[in-house]
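These are the structures in question, set out in turn.
You will see two complexes here that share subunit A, one where it goes with subunit B and one where it goes with subunit C.
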Partner chain A sequence: MTVTISKKIKKQQKKAELAKQAAKKLAKRHRQEKNFRRIGLAAVLMGMLFLVILFTDIISKGYTAFMQTQIQLTIDFDSNRIAKNIAKNKETDGETLYNGNYRKLVSDALYAKFPDVTKRKDKKLLRSIISTSAQYYLRDLAVTKIDTDSRANDSNDLQRNIAIGSGKSAADAESPSAVQYQINSQYVGQKQDIWVIADDLFDMFHKGFYTAEGAESERLIKDNYVTWYNKLLAEGNIRTVFNFDFFTNTDSTNAELAGIWGAMKGSFYVLLVTLLLSFPIGVGAAIYLEEFAPKNRWTDLIEVNINNLAAVPSIVFGLLGLAVFLNFFGLPRSAPIVGGIVLSLMTLPTIIISSRASLKSVPPSIKDAALGVGASKMQTITHHTLPLALPGMLTGTIIGMAQALGETAPLLMIGMIAFVMSVPTGIFDNATVMPVQIFLWSDLPARGFMVKTSAAIMVLLAFLITMNAIAVILRKRFERRW
Partner chain B sequence: MSAIQPFANSYLFLLLIVISAAGYFLSTRRAVRSVAGNTSQLHSLPKYFGSYTAILIFCPAALLFFVWSASQNSIILNLLVEQLPPSVFEQANFNLNLFLNKVKNLTFNAVPTSDEAVIAAAQTYVNYHNTSGWLMFAAVLGLALLCFVIAYNQLAPQFRARNRVEFLIKCFLIICSIIAIMTTLGIVTSVLFESFNFFTLVPVTDFLFGTQWAPGPTEHAKYGAIPLFAGTMLITLIAMLVAVPIGLLAAIYLAEYASSRVRSITKPLLEILAGIPTVVYGFFAAITVAPFIREMGESVGLDVASESALAAGAVMGIMIIPFISSLSDDVINAVPQSLRDGSYGLGATKSETIKKVILPAALPGIVGAVLLALSRAIGETMIVVMAAGLAANLTANPLDNVTTVTVQIVTALVGDQAFESAQTLVAFALGLVLFIVTLILNVIALIVVRKYREQYD
Partner chain C sequence: MFKKSLLTATAIFLVTGVAQARETISIVGSSTVYPFATVVAEVFGNKTSFTAPKIESTGSGGGFKLFCAGLGVEHPDFTNASRAIKAKEVKLCQENGVTEVTEVKIGYDGIVFANSKQGDVVDLTRKQIFQALAKDVEVDGKLVANPYKAWSDIDASLPAEKIEVLGPPPSSGTRDAFVELVMHEGCAEFESIASLKKTDKSKFKAVCNTMREDGGFVEAGENDNLIVQKLNANPAAFGIFGFSFLEANSDKIQGAKIEGTIPTFDNIADGSYQVSRPLFFYVKNQHVDTIPGMQEYVNEFVSDDAVGEEGYLADIGLIPAPEDEFEQLQETVASLKVMDAFTK
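Let's turn to the complex of A and B:
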């Protein structure tokens, strides 16, 4: 009896032990389950975190570039003061006045504002708080130059280029009768309070990128600079306004003047060429491969090839552009046409792959019905399949264009990194594009350019987000489930 | 005459379109008239007759226009060189390319010059240019009219216009798909050709196995690419160490745990990371991450280079997270539900199912995804150009300064060196290596992914 009872107890004890162990193990397994899940969540959150850090970093660095610091000066537009060195005669006509010394107006106004600055070195420093563009701004206020010769900027007239370049017929090249000067009497001869653009360093100091702490010899901002700043600030002579210049200027060596209009227009021309080439070719190739191509080794090869091209590093396309389009065909360097061709080769695979997918999604019943009522194969495609697949193709194209807009490396290879101060007016002009402009500015040491770089990145990202949003809306709006 | 010439050619293309449109209407009218308005007697709809003529007018003439425009400059330059008086070549340190550049700058950009020979040559150039322009004008218009006459005379009620037009369209479609092949062919031939030029200057073995990299214009320049390969591998390794765990775990979480709502928000957000231009990452790496790592290193007493491999690699890793997470996500979703159900039926927890069943089943696809991401990382340019250094150190220390293949390609070609020097041509040899390596990785990845897909379909 006792033996069996003790056996039973032992058995029960063993069972309880096992159950305990099992519960322990189960708890451990559930713990592992929870931990695994947490790790997964952490990975997702980490990805998000990187995104947030990236955006906040760029925005916090760049948002100040959208504001411009201006300084108010009392400018004395005395015509004798402007054109003193050029003409001693009383009759100051428009042209003499236009070519006058407006820098002196700025420095005179500054000396008048700060009469206690007498040392040569200090005067130089004082002059530096105003941007060099101020003199041209004042000039344009005082005298309006009207250029009536429409051919003046036409560089396509080769004969004329030679005439100008060889200096043989300079009179013909810049016929004076074509240019008129109009003196604006509301400024000339008057004393006016004018807001002019501050220099980059002043701008950065005003926005808090530099401090005046620590030993004077070790910092960029000197003590008297701070004194002047405080005086201007106290008298209400400093203001910040929206920086329209950033969107209308081209590249410049002065950070306070550099803008992205030239790069934006360059990007526009490059994308135009890319779109005009890659959309028809991509859609054409997709239609052939999806609807006509027989299944054989050749089409297999084309297919593998396209998938592969989609993964070739973009810089290799740049090498292709350099060797074939620049060196072999002799197309111009730095021109949007070459950039567009290279980028269209690069985006072709994206467009072909997405176009094929959207052609594939059109149900065969529609094609069969069209063929059944006597349409030819080509008519079936152009009248039925293509219109139904078009939204999907457009979505793929927009995504490809967004890719092309952000691409930098292949454009470096074909020389689009030149310093371009003029706004391109066609696909054969020298141009730069937004990502390359960002790359160029990021390399410059001035603090102002770092801010401008971040701001240009914000503009570029705004374009990209818009394009992708359009693609998403297009997909949502026209997507059909059959 | 010379003043209206450029004007005439800029409108030549427009004129061509007008002629084609005219051809369309004339042919349509002729087709309809030939059956006295009873169009059911025609073989095809009248618009096909018109389209046939329009295509036949436009395509050959437009092709001639483009070929002529593209090739005329180099032909004219060759003619010009033959015409140059011998006195030009006898000038002190005469350089033909420099001379021709001066001529081009004068003619196209009105860059001032005082060299009489240049001015004379520019004048000759412009004369040739104008003659060529007029010849092109005449040739293109002549070809268009000739084609019009040929097409117009073919038109008859029983002419198989639709079949012809469809055939021509099909030819266009075939040409479109051949362009993809031509691109690959173009890449291979151009890169191979220039690499071959480079290997005549520097032996292949010196390039592939040399351990010293010091490009330059002198004879003492060294083109051993091992340090570049090592640097590329180091940065790629760092990138993969960041991207693979995060990407894979995120993919598992999104595919197996996340609700569909969370998934629909999170996935596109993660994919934004892949859509951000690489130049932005480069700026972020150079301005924010590199100084941060440097300060962190200094605070624990480590000596960190200002352009460390770690900064570039880590940021590159962030960039390729979505490549791995998206592809892996697709692969994990493709694992059949029956495998999961079987595992749950045996009492396995979710994480055990994932680790023991789903991941082994999805492994080939995940390997494919990682290989694609790897090829992406190797070919990435802007991040390393902006955040990695130029010094070719042969080191495995991630805090040190290394350089990569892509950085050196950019450095070799962004400059003013003569094109035919080893210093420039080395870019193509490096490009060839890059192309071959990424090609192999891509092909393996594509084969693996494709095989895997077939397994469960």
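Let's turn to the complex of A and C:
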């Protein structure tokens, strides 16, 4: 009796032991799962945190670049001040006036505003508060220069038309275009209050990037600078407006004038070339490999190599571009055509791989049905497979383009990292692209460029986000799942 | 049909690309001269009816390589340099048919050894800088691996801080100039090293040129803004810059005294601050007739408005050449005199 009882007890004890162990194990497994979840969540949060830090840093540094500081000056457009001997030669008034000294108008207006500034050094400092662009701005207000080719802007009845055709030859001797100069009487001979762009340092001071604290000798903003600033501010002669120039100007050495239009257009041409080359070739290659190519060692080798190509560092493509397209084919340096070709080499694997994947996802039943009712292989592909696979292909292409938009390394080798002031008008013109512009500005000492760098990054990010959003929408809207 | 038209389009691209003439001046070269050249290019573009030149910052060496590659529209018209052309490069030029080159010395640039304004202004000699930065130094007449960890190890009057200097990479003209003007001068003051100059010239060069790699000297890349940020974060660290950069950031960093002289505009201009180098650009004379605006660009660059004592380049840190050199410069430029190295 006692034996059986003790056996029973032993059995129960053993059971309890087992249950205990199992419970322990279960708890351990649950704990492990919880820990894993926690680590995962922490990783995601970390990523988010870094993203937030990055964005706040960029935005807090860069948002002021979208505002422009302007100073109001009373400009006396006295034609005798602008150019000497103006009355003697009425015939060429327009041209003489156009080539006059508008810098003097700006400095005269400043001296009139601050009559107590007399020392040469102080005067120089005073002149520096206005951007150098002011003189060209005033010139264009006073005299409109019209190329006879573009008569479209000729019909401005507000302006007294005394345009004189003069045979001044333009840059290239082979096409001497007659240029007309039209004096605008609402300015010339009048005193006008004009808003002109402030210099970079003044702009940065106004936006609070410099302080006027500490010993005068140790800071860039001198005491009299502050006095002038306060006077202008008190009299309502300083305003900040939206900086349209940032979107319409090209690169400049003056931070207050630098804009990204040239780089944006450069990026556009580069991407155009990339798209025109890589999309047809990539899709063609994908269709051939997926639908026509026999499955053998050679096609396997090609497939492996396409995947390898996707992993090649982008600088290598730049070196290839330098050796092949510049040195061998003699294509121009710094031109979007070469940039586009190089970047299309880089995006081709992305497009081929994604196109093949989306071709694969079209169910064989559709192809079989088409072939079954008598369609040829080509018809099956063009009428059925391709339209169904196209959204996936486009998604891959857009992601490839977005990568190409942010690329700088391969462009380094083919001379696209350059100071270009002219807006490119075709794929053979000198151009830079947006990421290159950001890179160039980040290296410049003036504080204003630091702000511009962040602003340009914001614009580039906006483009990238838009492109990726389009890719997502395409996928969500048109991709069919079976 | 679509594919056919695409092929034709590509063919047209390629053909017109090759046949195209160039109307914009193309400039390559030194990153030190780049900020000055871009300002001139901008003024030139605004003043004249020509398009502003395209300027690439390739470094002095890279610039000569491109410049000397040949004649024709695909090759640049000017190269900027923060050192004079080397005999090797003259030879390369001549081999490729670039036989008429004018050298234009535009002014001077100081090289400064700077730290954060939170630190003190230090007074260094070139000998001390060599001792702090070289891989091998002389201790008690023998050449040994650099034992100095703190500035005070070199000289008791210097701060007891760890040696940490951020400088440009070897591809930079600033680095070349720093090595030549500071390291070479410094190492020549040691007897055993100086005697090497006669016996084993390549060893002498190696000793003077090689920077330490144990963390005392850090190659910080070409981005000077980044160096300024790092100096601000660590007031004990020093950075090596061109003078123009110091001037633009004078509210954040300060230049150390070298041989007792502080780097200021006046001290560099009158030669009392000894670590300064000439800046140049080189003109490919054979292009002047085909590329529009080249002579006008040169004229703008050497005008009193630009490189004169009150010129706009002086405002951003270029040290103008003394009067007699300036006059000589005007003569050279007016006739685009081919430099002597090319006439031999």
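Assume the second predicted complex is superposed on the first by the 407 of 482 C-alpha atoms of A that agree within 3 Å, B and C clash if a C-alpha of one lies under 4 Å from a C-alpha of the other, contacts with A are read in each partner's own complex, and residues count from 1 in each chain.
Going forward, a residue touches a chain if its C-beta (ideal position, glycine included) is under 8 Å from a C-beta of that chain, and two chains touch if they have at least 3 such contacts.
Since the structure is predicted, the reported quantities are computational estimates derived from the model, not experimental observations.
After superposition onto subunit A, the partners subunit B and subunit C occupy overlapping space and clash. After overlaying the two complexes on the shared chain, residue contacts for A:Ser252 are found with subunit C alone; subunit B is out of touch.
In the superposition on chain A, A:Val420 makes contact with subunit C only, not with subunit B. Legend: residue contacts after superposition of the two complexes on their common chain; A:Glu407 is shown touching subunit B, with no touch to subunit C.
Once chain A of one complex is fitted onto chain A of the other, the partner contacts of A:Ile238 are absent, as it touches neither subunit B nor subunit C. When the two complexes are overlaid on their common chain A, residue A:Gly330 makes contact with subunit B and with subunit C alike.
When the two complexes are superposed, the chain touching more residues of subunit A, out of subunit B and subunit C, is B.
In the superposed model, A:Leu220 makes contact with subunit C only, not with subunit B.
Applying the stated contact rule after C-alpha superposition, one finds that A:Ala212 touches neither subunit B nor subunit C. After overlaying the two complexes on the shared chain, residue contacts for A:Pro445 are found with subunit C alone; subunit B is out of touch.
Residues 280, 284, 329-331, 417, 442-443, 450 of subunit A contact both subunit B in one complex and subunit C in the other. For subunit A in complex with subunit C, the touching residues are 136, 170-173, 210, 218-220, 252-254, 276-277, 280, 284, 326, 329-335, 337, 415, 417-422, 427-428, 430, 442-446, 450.
Across the complex, subunit B meets subunit A through its residues 2-3, 6, 10, 70-71, 73-74, 105-114, 119, 122-123, 125-126, 129, 162, 166, 169-170, 172-181, 183-184, 186-187, 190-191, 193-194, 245-250, 252-254, 256-258, 266, 269-270, 272-273, 275-284, 286-288, 318, 321-322, 325, 349-352, 354-355, 372, 375-376, 378-382, 385-386, 406, 409-410, 413-414, 419, 427-428, 431, 434-435, 438-439, 442-443, 446. For subunit C in complex with subunit A, the touching residues are 2-3, 6, 9-10, 13-14, 16-18, 20, 22-24, 26, 34-35, 37-39, 41-42, 45-46, 49-52, 54-57, 73-74, 117, 222-225, 244-245, 248-251, 292-293.
For subunit A in complex with subunit B, the residues that touch the partner chain are 29-30, 32-33, 36-37, 39-44, 46-48, 50-51, 54, 57-58, 61, 155-162, 164-167, 280-285, 287-289, 292-293, 301-302, 304-309, 311-320, 322-324, 327-331, 345, 348-349, 352, 376-378, 402, 405-409, 412-413, 417, 435-436, 438-439, 442-443, 450, 453-454, 457, 460-461, 464, 468.
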